[in-house]
Amino acid sequence: MTLSIVLVVSAALFCIGLLAALSRRHAIFILIGIEMMLAAANINFIAFWRFAPQPAQPTGVMIAIFAIAIAAAEAAVGLAMVITVYRHFRTTNVDQLNQLKG
Amino acid sequence: MNFWITNNVWLIPATPIVAALLILGFGKRTRLIAAVVAVLGQVVALTMSIFAFLPTLHAHGFRTVEDFTWFNFGDQQLRIGFVLDPLAAAMLLMITFVGLCIFVFSIGYMGKDKNFSRFFAYLSFFSGAMLGVIVANSLLLLFVFWELVGLASYLLIGFWIERPSAAAAAKKAFITTRIGDMGFFLGILWIYHKSGTLLFYEAGHGCLENVEVLGASATFIALLIFCGAVGKSGQFPLHVWLPDAMEGPTPVSALIHAATMVAAGVFLVARVYPIFSVGAINGITPSLTVVVWIGVVTGLMAALIAVAQCDIKRILAYSTVSQLGLMMVSLGVGGVAAGIMHLLAHGFFKALLFLGAGSVIHGLHHEQDIRKMGGLRKLMPITFATYAIGMMALSGVPFFFSGGWTKEEILQTTSHWPASRAPYYLLMFGVVLTALYMTRQIIYVFLGNRRAASEQAHESPGVMTLPLIVLAACAIALSIVLTPAWPWLEDYLTGHAAKFDASLLIQLTLLVSFVLVGIGVGLGVWMYRRAGETDPLQTKQPALFRFLENKMWIDEIYDRTVIALSALMARVSDWMDRHVWDGLVRGVGAIGQIVATLTTDADEGVINAGVDETTDGARGLGRVMSRLHSGQIQIYLGAVALGMLALLLFYAWLT
Amino acid sequence: MADSVDQIFFHAKQSLLSPLADRAPDWLIQVASSLVNIGALLGVFLSLFALMSVLERKILGRMQNRYGPNRVGPFGLFQPVADGIKMLIKEDIVPVRADKIVHFLAPILIAATAILSLGIIPYGRNMTPFVIDGGILFFFAVGSTTELAVFMAGWGSNNKFSMLGAMRAIAQMISYELPLIVTILPVVMIVSSLNPDKIVAAQSPYVFGFVPHWFVLTPWGFVAFLLFFVSGLVESNRTPFDVPEGESEIVAGHMTEYSGFKYATFFMAEYIGMFAVSGLAVTLFLGGWHSPSPFLEFIPSYVWFFAKLSILLFVYIWLRGTLPRTRVDHIMNFAWKFMLPMAFTCFIAAAVWHYAGRGLSGWLWSLAVIAVVYVTLSMLLETKKKFAPRTYRFAE
Amino acid sequence: MSTVAFATITILTLAAALAVATLQKLMHAALSFAVMFLGISALFFLLGAEFVGLVQIFVYIGAVAVLIVFTILLTRHDTERVRGFNWSGVVVALAVFAGLIWAMESTKSLLIGPPQIQPLTVQRIGELLMTSYVWPLLCIGVLLTAALIGALILVLEEKRE
């Protein structure tokens, strides 16, 4: 197990997240894709902390904790917006949500 | 003799703010509680101000400061604090006292308003913020309260939000003063850069105690700070908001736009006077010269405009602008004490005049045009008597009225200004004009025949006349401590012991000002003795009257220049946004789109070979065309990803 | 002698693993040790579940003036065996329109999480199955997965009653998870560790030589224990908070479409969840496996733990026999308006207790804090019997 | 041992992630999302960041996943119809992946093994949160409060006039 293999895993996860965000038509899945990308970034933070020359400050761990909190806030607000949009337009398909007017 | 309050002056601004919060907390339905809490808060603040004032009487040069660290950032400390010195103590007393009178008056004036408690909450909030400006011992803290005062003023001018004109006036006041505050803020930053502290006094380390470190930049700093004062005190060229601010309820005009807030600019200049006088030769510095000339221009211009106004409150508003100009001149020529004395006296009699006007308006069922009034002397005797006292104080009738002494003092100081004699003569002209327009107003409103609006007039209730009487008594009583024979207030402010010298009562300059007022009043009586529905000046000099009535077209000039320019800028940036930036965005989107459709086509070509190709081609083309205008989030996201790739490629090419 | 009885299970495990000790690599020993632990856990708690199911029926019967099961075996003690056989040979019905995968996975997930959360509780001296530094956090992390499992059961069944039951269950679980977690915060803060062993160790000393230093004996600890117990009651969907599966309202909630062994699994998961929450309550507030006074220490530690646990379980049964079901909106209001503020009060009271020196004055001060908040809250929440038309905010 | 564990976890995680991105049934995709986060947490455990792993399970599976399935439930009328899949996304994602891999390949310093490390205790994390990271912690608190209120206001039903 080397640093580069962990990074490759996180890169793969990041790209799958990007794929989900780009390809799915459902608004929720764009959010999920973004969450996946954030998680991939977290893996990087943890990996760089773990593989850093010792002794090191656990900054990576701290940032990961904060990132999780921020992601949670983002998910809450994002999903609330999805529900509001659905109530208004009766759809969550992002193809049909292309107007600022409503 | 030190009271406990001298070390806790922050309580004085805190009390009305707490009262405001309480009123808001009680909600809408409790009118009585709102009034009682507001007045009580003011009474407590007044009591504390008195106890803060007493110790300053006995020790000359008295000053207590309470500083503390607000927060640290890095190795920098941001310290703020509160100060109590004669200047602050006198202002505190004036503001709380006048404020109390106006609060009581408002109970009657606003009695039928449906947002009664909100009004008192705002008024209390304003009072607290204003007191905060007075006792702040740090430019930053002063600025914070300064902006809070601006906010309160905005809320109160626009109190009757259902009137479009009130909303517009509130916006105008807010934005115009903000222009000045921008300069003020820059000045604060500059002074912090130069001196490393924003405290005024801190045992020899405050920024006012080491003004020498500012060096040559002191002039610019002073001018930037003066920008703030110009905005707040309605000096030329930012005076345009003040007359419009009369859209607010009359007690507001009395409290904010006559007695206290507009005086904050003058107070500010007096507070940071050491910065203005850095490197003075004979008491002249470039910044002070600017102050003088701005004051002269403002004073004269506003007095001229006031002659041709017909709205009772607007006349008073321009008169306020003119008097503020006078105070600025006084500060500029070195008469700080004279300026502050006039400020204090002006606070009393201008509040009195505004409240009198409010009483008239209330009695006439919200009629404000003086040409429709007349003959109110019999119908509203108390209002008339008190208004006449206020008018004489403002005109500067000597001996018995506070305004007379202070004005005479200012004229005298100005006459000694070594730089030029011109301000002196111009101010003399201004005094004549003041007497003239006040005489005009009195004749129109109270004397002569009753006109249209006066038929239904009635005297105001006791809760409104009582403050008038109290303020009128003060306007007279204050003259005792202002006479040159026993210049107690001046000595109090400058820190000397007061001496009595009766010979100073009779002076040449006194005679001069007496003559000037006489000319003004006489001219007024002569011009307006037979005034009817139309103004005599209008019939004789229509062009001049129109010029003055339209406020010298300054608003229009601003409309054509400053506002037109910003509208043009807005239009240009709108055009840029529509055609340049949007085009760029669409271009980027189109690139992503092209890539996307290419891959789509390839994929479908492989999987569904042949059959659907032609239809897919047509549909793909249509899709390209339609998606170009989509505004879809995924395409933007894809563009971001492609941008990241492009960056990677760029780095690859670099290495 | 007493010591060897106390450590009998520890030594048993050691001797069981001794053939591996020298020859096998480290990871194999770890895996084997874990397997032993898991086996022991499953054995103990599954038999406890069996015992509990029959005891519950018998105790309820006694409370309601009837006999309860008494046919199978001596005193009806073999009743669970009969029940188990019945469940196993019943037909497993899966609705046609159900989402088959989700429907199948839900009982497995719910049982797995329930059993996992047992793993961090110290059952006796040196008897913690899995020592994790953040053990308490592990407990709640695993516990929060239950919500997802319940949702899967509700969604997978494709049945309106199931979905409604799942929604009710999740709504009340999320609402009570907050007080549940906030009430453990004071303990965690005072001990300054999330490790269950350290929490138990912090409760070991005796004041004046005979009063145990359990957190339940401080004002904040007592209130937190009550709140924790009530929240645990809700989390395990027991009466009086069994709205999600109240048979007179929505058949059996999210378990409506399950039958046979899957239903039994749900049933088991519920009981094991109850054991886990009670076990954690014992660990956090009741001194874990410590004896209540020094001269009773000759009784082995695990006996003490299970004695305390069974008292709590008896209270569960007792409450079920006593209280009627609560209305849904009342449960929610209670959680957000009373439980949560009180839980935060415990937190503050614990801080007060700590900074007042953890002595008598701290005891009184924290009592004062709690009393003030309690009185204020009860004044604010007094409804004066206002009956308004009910509004249902769940499931449009 | 750790290599085997790492490989297993990685395969599980990536498979679940792919399932999230491709499964047609939304509920299944959302549940794979939970599995994926379980895998990521396991990876954190393996890397020695146990606390972060537990927090991840707690937040993502206990809260975010539940939120997501609820949202799917509330917007259910729509979910069955949404079938579209945009293949251009695959290309973009693959291109980005290739770019990232190339970037890692060209960085030689990444081929290092994990050094011996002191276990990071929860207590140490707590101490750091309360000392060096207290400002970010407070900011996060404010942010979460704001998000809570904002989300509530967003989904609050508009009053029917």
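Lettered A, B, C and D in written order, each chain numbered from 1.
Throughout what follows, a contact is a pair of C-beta atoms (placed from the backbone, for glycine too) under 8 Å apart; a residue touches a chain by one contact, two chains touch by 3 or more.
All of these numbers come straight from a predicted model, not from anything done at the bench.
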Most distant chain from chain C, judged by the mean position of its C-alpha atoms: B
Quick one: report the Å distance separating chain A from chain B, using the average Cα coordinate of each chain. 51
So how far apart, in whole Å, are chain A and chain D when each is placed at the average of its C-alpha atoms? 6
Please tell me the distance, in whole Å, between the geometric centres of chain A and chain C computed from their C-alpha atoms. 33
Starting from the mean Cα coordinates of chain C and chain D, work out the distance between those two points in Å. 28
Which residues does chain C have that touch at least 2 chains other than itself? none
Interface hub residues of chain A, defined as touching at least two other chains: 18, 21-23, 95
Name the residues of chain B that each touch 2 or more other chains. 634, 638, 641
Under the stated touch criterion, can you name all the chain pairs that qualify? A-B, A-D, B-D, C-D
Please output the residues of chain A touching chain D within their complex, sorted ascending. 1-9, 11-26, 28-29, 31-33, 35-36, 39, 42-43, 46-47, 49-55, 58, 61-62, 64-66, 68-77, 79-84, 86, 90-93, 95
Using the touch definition up top, name the residues of chain B that touch chain D in the complex. 592, 595-597, 599-600, 603, 634, 638, 641-642, 644-645, 648-649, 651-652, 655
Contact residues on chain C for chain D in the complex? 27, 99, 101-102, 105, 132-134, 137-138, 140-145, 147-148, 151-152, 155, 163, 170, 174, 177, 192-195
Which chain D residues qualify as touching chain A in the complex? 2-3, 6, 10, 13-14, 17-18, 20-21, 26, 29-30, 33, 36-37, 40, 43-44, 47-49, 51-52, 55-56, 59-60, 63-64, 67-68, 70-72, 74-75, 77-79, 81-90, 92-94, 96-97, 100-101, 104, 107, 110-118, 120, 124-125, 128-129, 133, 136, 140, 143-144, 146-148, 150-152, 154-155
Which of the residues in chain B end up touching chain A in this complex? 630-634, 637-638, 641
